[in-house]
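This is the structure I want to talk about, given as structure tokens.
The chains carry the letters A, B, C, D, E, F, G and H, assigned in the order they are written, with residues numbered from 1 in each.
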Amino acid sequence: MTEPASPRAALEAFADLDHERTRRRGYPEAIYCPGKTPEQLGMIAAAVRDQPHVTLFTRANKDHAAAILAELPEAFHDQEADLLAWPAKPPEATGGMVVVLAAGTSDLPVAKEAQLTACYLGRPTELVVDVGVAGLHRVLSRLDLLQQARVVVVAAGMDGALPSVVAGLVAAPVVAVPTSVGYGAAFDGLAALLTMLNACAPGVAVVNIDNGYGAGHLAAQIATP
Amino acid sequence: MTEPASPRAALEAFADLDHERTRRRGYPEAIYCPGKTPEQLGMIAAAVRDQPHVTLFTRANKDHAAAILAELPEAFHDQEADLLAWPAKPPEATGGMVVVLAAGTSDLPVAKEAQLTACYLGRPTELVVDVGVAGLHRVLSRLDLLQQARVVVVAAGMDGALPSVVAGLVAAPVVAVPTSVGYGAAFDGLAALLTMLNACAPGVAVVNIDNGYGAGHLAAQIATP
Amino acid sequence: MTEPASPRAALEAFADLDHERTRRRGYPEAIYCPGKTPEQLGMIAAAVRDQPHVTLFTRANKDHAAAILAELPEAFHDQEADLLAWPAKPPEATGGMVVVLAAGTSDLPVAKEAQLTACYLGRPTELVVDVGVAGLHRVLSRLDLLQQARVVVVAAGMDGALPSVVAGLVAAPVVAVPTSVGYGAAFDGLAALLTMLNACAPGVAVVNIDNGYGAGHLAAQIATP
Amino acid sequence: MTEPASPRAALEAFADLDHERTRRRGYPEAIYCPGKTPEQLGMIAAAVRDQPHVTLFTRANKDHAAAILAELPEAFHDQEADLLAWPAKPPEATGGMVVVLAAGTSDLPVAKEAQLTACYLGRPTELVVDVGVAGLHRVLSRLDLLQQARVVVVAAGMDGALPSVVAGLVAAPVVAVPTSVGYGAAFDGLAALLTMLNACAPGVAVVNIDNGYGAGHLAAQIATP
Amino acid sequence: MTEPASPRAALEAFADLDHERTRRRGYPEAIYCPGKTPEQLGMIAAAVRDQPHVTLFTRANKDHAAAILAELPEAFHDQEADLLAWPAKPPEATGGMVVVLAAGTSDLPVAKEAQLTACYLGRPTELVVDVGVAGLHRVLSRLDLLQQARVVVVAAGMDGALPSVVAGLVAAPVVAVPTSVGYGAAFDGLAALLTMLNACAPGVAVVNIDNGYGAGHLAAQIATP
Amino acid sequence: MTEPASPRAALEAFADLDHERTRRRGYPEAIYCPGKTPEQLGMIAAAVRDQPHVTLFTRANKDHAAAILAELPEAFHDQEADLLAWPAKPPEATGGMVVVLAAGTSDLPVAKEAQLTACYLGRPTELVVDVGVAGLHRVLSRLDLLQQARVVVVAAGMDGALPSVVAGLVAAPVVAVPTSVGYGAAFDGLAALLTMLNACAPGVAVVNIDNGYGAGHLAAQIATP
Amino acid sequence: MTEPASPRAALEAFADLDHERTRRRGYPEAIYCPGKTPEQLGMIAAAVRDQPHVTLFTRANKDHAAAILAELPEAFHDQEADLLAWPAKPPEATGGMVVVLAAGTSDLPVAKEAQLTACYLGRPTELVVDVGVAGLHRVLSRLDLLQQARVVVVAAGMDGALPSVVAGLVAAPVVAVPTSVGYGAAFDGLAALLTMLNACAPGVAVVNIDNGYGAGHLAAQIATP
Amino acid sequence: MTEPASPRAALEAFADLDHERTRRRGYPEAIYCPGKTPEQLGMIAAAVRDQPHVTLFTRANKDHAAAILAELPEAFHDQEADLLAWPAKPPEATGGMVVVLAAGTSDLPVAKEAQLTACYLGRPTELVVDVGVAGLHRVLSRLDLLQQARVVVVAAGMDGALPSVVAGLVAAPVVAVPTSVGYGAAFDGLAALLTMLNACAPGVAVVNIDNGYGAGHLAAQIATP
């Protein structure tokens, strides 16, 4: 129970970074910030500074971000998506196009987390906002873009109906990410989650509520060159 | 605990029919069959034979129906909707048009229960089948009919997304009835129910799962002359 | 990822306002504030300033309201219902009467949101408070008013029993809005929601928990001239 | 694992009857039949034949009942409530009046289980059927009877709203027993259970879904002389 | 929408006090504070100042209490139970003994709310703390007291097992009030609620989670003279 | 309400086949059998006989299958997966390899539904059984095959842990299909569903419980040439 | 898709038996019968005939049992616990005593599954029935036996309160297995499961609902010599 | 309602410490801090100062800790696990080895609570961090340590899959403690809880969500000398 003596030992007291992951899986590890202290994140940031591959820090609150930026002041930081990336420059885009839709303005943080993740994993991306099913003309007016996608990511809360509609319009798989946006019986995203799992059009891949990172990662794998 | 002596007393041992309801509310009472024995339904059928207003028997299984038809052989009986009506001839249609949509073939029994209920409460009705959101062109091709409706009833299971889409297209209120159709996480209609409660387009009135009778009754009230 | 250059472009980065909605559906769009930043709401407020139709801002917290009022200082603002309306003067009332009941004092914010919405969509409205079923004489004493309504909106938490009782007393449809008022097993409105979906009297249209806006909108559609 | 040699040993292999319970608690034990084999129930019936106090067998299906009646052919058997009692003659009625209400015909089996239980535990009882809140006049017309009760038992499914209404009308405590009657979102009695737990009128004691036995037992304890 | 002109009108804008309730039901109304503003509670406090019967204010937070005490400085105030009573002196105790058990220290606020409610409704009461089933000797050592009770109230969180044990030991009915005390899968009292509804000993009356007021009210009715 | 006069009209009374779907989405429509009568399925089978593209009939029970085979006696029929395909010969395999894993023997019907669907949509497939995480060596011994897959489908019930493990081992996306296999708290697949949505390794695409068809369709889209 | 040519290949088409498990974990594999066909179980039974270690077949219905006994006619078969064991003679008992309690008669099948599993994994066992908390004297009278146990297994449905009480009385760990016994809000064992997870006495290890096999296995591991 | 006169009486007003528990069960009582005031905890701390056995204070927030340390300044305090122990020196370690695994860094507080509890109850312990199933090599590299354990405690959130994997690798029982770590559909630990209850490898003992204390206590009992 004495204090560890070196930075490396201090880091190993709470984390065992998986630098081999890029080699093994082809995609780098991301650091999920909630439940970690700013001090722990600062140590992790220092440890990845010289890694050759991209490191993403997801769901970083203000204190998390400050601790990371203290070690990596040049890191990319998107405050809407609560995401940081190091190094800041994404890899050159290869593979198929990832089109990300946000059903409403409130779904934008999750949608951006998905888009940025796919971008930092090396895919070309497009982001389209405010295309909810209450105004079908909005989504129909984007049909050309949608049909060019290798994969479409749809972030939607409330009724979560957009993935069903989109999947009925395109040949590409749809990654559906429910968001916790909505009134009472939205139950923090449960309603949208169930809608998406029950999409009447096949081809809908569901990820966890508000999990923009997971959606973007899955999309990048699907659209791999 | 001795047996009741007369048909009327026998009936009163388990039911207290509300013949005054038509006068009070303007709509007749319906008999919900589940949980009643065929004998009880036979007694009720006999008791309503000479009533001036329509009586509906809902969710009647085969034994229920046989017992009712034994007393009222001329009654209308729709075996898909499990509904009987007495007298068989619906009242003359007045008020606004009630358009009923079934998202898929499996939603048809519930949709028909809604349509027949509205019809027997005196409204003009139309029924349209297989217009799920996985093929948007199907619903868009019915836009003319939808825009003539005073109220639209939508029966849908699985993702329950159709009411959101329809409500975004018409000025009329939409009565949404979730059905228990679907795979595992449909949870016997819970998924569709939550979708409809969270419809991102306003103007969606939700009723209980598989409650075609309630949907038709509500629609008839909305479309009252 | 550079900043957009114009107000319009800035707005389009997160929202695609549906000015056509009034023409298409006959009712204007409302802006749901949660999940939007005050800055975004300020931009939206500026964009609707010269629109001919009413715009409602719902669920506006203090920061939201301040940002909207900075652009539209003459807007109507009800702090109990967290609702703003622009322009402040509602349209002339047409159509049937919308009577709104609040079961208890704690249900008043939701009831007022419903009433104000119906009012700004052009209907005559009445609001009655504290008519819970624990004191039946209270609701029975309002029977005259209730029977004049084209539609009754009932906001109730806890047991959510009031819509069942009201629907048994009137010919008009009842829009039931469960509120998140109550002790533990109210489960933030779930108990009232289920009660209303299972109302033993037909004619109850359920909307989402605490969704006064949706209830008022639906009522306005039902009571359309 | 060899077979037990005597009836008593055979009985003790699966049950340890609590004959002392009447002395200790003042009320005899009941035998809950589900999960027991007809053979086991036959052995139990034989074992209680000469007990001085009443034994109730609850939730007995046809096979259960046949096995019990083979040992105790004079036992009382109500097939609607699936209840048997031995000896058949209930004790003389003492204590306060127990009034049992069934909201609808489908709630009658549970209501009768409650009434019969209270009766066999020695209370005077009354049973009233079909007094749901959709027709308030029905319950109001029984106000005299209700106000004479020492305790009122209310069995109701669907919205479960009747206990709230009754509790607002009488000084006596109300024992509310939700039934599994209703459409989809009744969730086999869960909706009625939550309604009753959230009754806006105090004085409502809730027991388990369909638990007529428990309701009758509790009522008998409340109305004890 | 203009401001009401008199205190009475101001009060009627949000509440319709039921002074007749004492006459009708035999027990006075209680004011449930959550969802009401301090201003509203101040107006209610002023309105009940000269009422002859007791008024209880339940679940009063600090601001609520201050507003009430500003109008009724002599009122009784228990800060652990968040309850105020006016007038401060409880009525003379009549009827049977109400014994209240708190399973653990954390259940004490709810238990006290129950005890104080029964006390102000006119019953003799006793409160016993820290008698959880993990140390059975604690509850067994109180058997004498328990057997003198006309009704026992048990407040318990976590496993909620105490009512089952107590009901097996006494002839009196047990009012079980689950509390929201416990680790994760206690689900804010849901676990204890279900335990109590499934008590294997009959005679357990369940009220809502943390509803000490309801438990005390019900107990007072059961123990009425 | 008169009977339709022609086969086509009879079909249109309950279904509106989407033959255009192959052209629009690139994948043919499947017929979901539950909720359809054998007669309806016979009519659909006759209607697709001369279509150029593959038609799948999913979740066909014995009566469904008999009615389909009466019209299409040469159709492929797998009784374990409850799936029929017409024409029986799958298209030539193109695109990436789809590897399907069944965690246990009981997951095999769902896994086969996935494999057959992918096969009939034109992909090369492999099926591996009984590779649950309780014996890690089983899955590790298949690492070579897994690493050749363009996409891995994993069908698992009970704890649903296999997708997490597989996703940590391969670069390809994993389509996870929870099955309803397991004891009580498996809750008919809900436990496995939640596990998969929370997979700690990114790259897991979840579909509905027991939805082998959806899993196979999604996999075919991901592995498209 | 052609039929496999040999018994071994036929077996490998749906199962990959883990004969190494005994060596690796020290306990043999069990065959979970649900979801397997009698034919598959017959093949498995044939394959284990000459294995040196014990094989358990759990949750075997009548058809399963017949198929297994056709291959292994000397196998042990307990029809109450739906369990078969091969070879029939359990290993010599070593390690600590496993005491199994069944709260009620209906919990006996699960309790026996636990006891038999522990017995066939080589532990000395005792089984005690009908010791529910509604009659505390029953469990207290077994205190001597309980205090000799190295581990106590408790099978209980309904309120699931027995493990809390037992854990408060003994030093040994308690393995709690909830059963699906009970009325409505028992929710097929969910209530008992939550009770046990929230046991106010530490030392309670919970397994899945009705999972007697798992309880017995865990107990055998805890009581290992 | 007058103030108690002595420290002992003050303590007894809210708690009844069970000093006999060590003698009866062999393990001392722990004080669960939530729901207790700092004043109450200070009184308890004073009361245990001279007890011979260890007292643990669990889930102590800052105010709790300060009040305890004011009375017992030499007490051990781990701020990550929110645990205090008095006296600070743990007893000499006896019995089998308890190995505690934390699946991720965010699970560390719960894992440490488990480890410290086992340590203060007298067992030798080891703690290993960041061994989630997304990187199987991490857990496989610890196989030697795991196979020396008498019992393994696994703390895991998100998918909660680690206990299944570990239980498949070792002969020792696994105590699985789900943590509330994870995205939306983790539902505050419910997902991990269900996973663990459904572990496909037998030998997994589940405790409540985030209940590190319970896990450590159970492990200490299993590993008793």
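Keep this in mind: contacts are C-beta pairs under 8 Å (C-beta built on N, C-alpha and C of every residue); 3 or more make two chains touch, one makes a residue touch a chain.
Source: prediction; values computed, not measured.
Enquirer: Which chains does chain C share as contact partners with chain D?
Expert: B, E
Enquirer: Over half of the interface residue numbers used by both chain C and chain E, so same, or under half, so different?
Expert: different
Enquirer: Measuring between Cα centroids, which chain is at the maximum distance from chain H?
Expert: B
Enquirer: Name the chain whose C-alpha centroid is farthest from the C-alpha centroid of chain G.
Expert: Centre of mass proxy via C-alpha means gives C as farthest from chain G.
Enquirer: If you average the CA atoms of chain F and of chain G, how far apart do the two points sit, in angstrom?
Expert: That pair's centroid distance is 34 Å.
Enquirer: Provide the C-alpha centroid distance between chain B and chain C, rounded to the nearest whole angstrom.
Expert: Computed from C-alpha means, the inter-chain centre distance equals 28 Å.
Enquirer: From the mean C-alpha coordinate of chain C to that of chain H, what's the distance rounded to whole Å?
Expert: Centre-to-centre distance between chain C and chain H: 48 Å.
Enquirer: Whole-Å distance, chain E centre to chain G centre, using C-alpha means?
Expert: Each chain's C-alpha centroid was found; their separation is 44 Å.
Enquirer: Using the touch rule from the top of the page, what residues of chain G touch 2 or more other chains?
Expert: Correct list: 104, 134-135, 168-169, 182-183, 185-186, 190, 193, 197-198, 208-209, 214.
Enquirer: Per the touch rule above, enumerate the chain pairs that touch, sorted by label.
Expert: Those chain pairs satisfying the definition are A-B, A-C, A-F, A-H, B-C, B-D, B-F, C-D, C-E, D-E, D-G, E-G, E-H, F-G, F-H, G-H.
Enquirer: Could you please specify the touching residues of chain F with respect to chain G in the complex?
Expert: 104-108, 129-131, 134-135, 137-138, 181-186
Enquirer: Using the touch definition up top, name the residues of chain E that touch chain C in the complex.
Expert: My answer: residues 12-16, 18, 20-21, 32, 34-36, 40, 178, 180, 188-190, 193, 208-211, 214.
Enquirer: In the complex formed with chain H, which residues of chain F make contact?
Expert: Per the touch definition, chain F meets chain H at residues 103-104, 132-136, 140, 158-161, 164-165, 167-169, 182-183, 185-187, 190-192, 194-201.
Enquirer: Mind pulling up the chain C residues that touch chain B in the complex?
Expert: 24-27, 30, 168-173, 175, 193, 197-198, 202-209, 213-214, 217-218, 221-222, 224
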